[in-house]
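Chain lettering (A, B, C and D) follows the sequence in which the chains are written, and residue indices restart at 1 in each chain.
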């Protein structure tokens, strides 16, 4: 494992992830709104820009990028009727006891700790904002994986802010004292984006 | 690991688990009510007795029993002021970013699959019934671990019923056709209680 | 979720799972051998037949069946060059930091508790038997997901036996006293196969 | 949750974590050695100092600090015979099917992604270095939780290096080009230590 030669540069994976989300009609701002709604009552001075920074930070994680590429691929293949039977029917209908979608979303969520896990469960049940829109299918659209993955991104970004809030409190500060760019300072330093 | 000689019989562990819950003021019926409220709209003929059977089934799992014994022990030690610093303060105040309680609850939940995980997250955020009562502390009570563990039991019992529902549907049946005892048939067979 | 109408009968999913494994060259006996090698030193009287029963029990779990159908589909699509870029390159080369394969395997493993998790990690690193063969690719074969999934099945079946051993010990018995059919008694009872 | 007032400063928790490890006879270097042995064959120029930096980074994570404080507390209480029955016997004997220790270790490991999970499983089974010493008890010592937690720290630090290796490869570099301080650059920036 560890020594395998890479064949795809991380910039390529990052670009593909953003394109895939865009192609499926999900913007960073859509996700940031969910984060903002969950965190505003706990965080004086929090803005949608802080939340956007947090979402972008989450989207730079390899674990999340890979989860998104796999999930969106399966949604699109199902939409095109290209999966083999009976997986085509299972994914195409987002059937109740199918759990691989939640599991892929959970895998990425776990990297942000237990708070992210419970927030993910909450969002997965009480779908808000863009998650609700994705869950309400029109025509032949399939979002079996994507709704769970968006819940996963929002849960991670929200947990990131909860931890950052605590760091700020210990310095006697709030988000009012913070420029959006400093929400996730690590994303501006080379070698810390994993 | 696998070959270690056991020193405590599983009947002793099962008995201790039930006693610990009772001592902390939580009855199987309290938990069954949460399960019933979550599942009744999906399940024609579901009764509180079916939910009780499902809760009992979950409480027979070793993974859950061990989680409960550890969590309740830590709550009680914190209540008595017997933990060392700073753990005493962290557990005693159920502080926001402490996640070991959720992680122990999650560990047991994972054995019931991804549906149980998202249900657990939902219950952990939107505390209902006895979970809400535990979260609302009086005097020196500490339920830092117990509220998460009760959410975990309820999530598992609820997932058990969701799976059972599906089995019944495939046989053209509903819970109306089922005696409570047959909610979890495996608990009446020797050697299947793990 | 819970109330969604099913469209695919569980017998169809079970059949598709067995066919997919067969098509990819993995037999239940291949997996049972890995289980046997891990458990024989702890279990007097354990036979390959007991291990076969345990493997079959694991393969009846919905969580595992869904994981296998998704993983094998992605392997086969990659083999046929039908995934979009850059996922095609990532899956096709089983690249080192891709973790969705382990995560899908882990999801199924978690349902058998923490012992299964550590056994899975062990098998994933120290690939033995059929897992090693799958990992050693010839020609254009892709087993990026399958090697992790076979490790997952073996870890679950092994954990199942470790728990069963303990039940037997408490009854003063060993696997010598057990017919293979009684390794996993729950699979012979209607409504317990989830 | 998110809005709870903190009562214990993170510096206090960090200090308590380091003191607890020291009190139990585990040094950062002991853990770094395990990491070095696992990663040296994949990483030209890797030194024990790079591994020390990675271990220190892991030990700054709240999730890991809380896990360590809880686990070591339970080990010490068991050593002093202060747990209630039957938990005292279960923890005191590190009994085979007790899984809360692995689950607490796993919770921290999950924050470093799937590679950390499989590495953790591997270390948990094939105990090396200080993990082996902890597992070999003398007198009344209890390390039921600590051996799993040390495996968890080592798995996280090792995964951190595997990801860093990849970042370096993309820049045409190896660990030879890196000062130990730059192994984990994020730990030198305020607000990134969670």
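Simple rule for what comes next: contacts are C-beta pairs under 8 Å (C-beta built on N, C-alpha and C of every residue); 3 or more make two chains touch, one makes a residue touch a chain.
Just so it is clear, the structure is predicted and the values come from calculations on it, not from any experiment.
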Field: Selected pair, greater C-beta contact count between B-D and C-D
entry: B-D
Query: Which of these pairs, A-B, A-C or B-C, matches A-D in more than half of the residue pairs in contact?
result: B-C
- prompt: If you average the CA atoms of chain B and of chain D, how many Å lie between those two points?
  reply: 28
Field: Shared interface positions of chain A, touching two or more other chains
entry: 1-3, 6, 62-63, 96-97, 99-100, 103, 106-107, 113-115, 125, 162-163, 166
- line: The chain C residues in contact with chain D across the complex are 96-97, 99-100, 102-103, 106, 113-115, 117-122, 124-126, 162-163, 166
Statement: Residue set of chain C touching chain B in the complex reads 1-3, 6, 9-10, 39, 41-42, 62-63, 107, 110-115, 118, 162-170, 182, 184-186, 189-194
Query: So in the complex, which bits of chain A are touching chain C?
result: 1-4, 6-8, 12-13, 16, 62-63, 66-67, 69-70, 73-74, 76-77, 82-87, 89-90, 93-100, 103-104, 106-107, 125
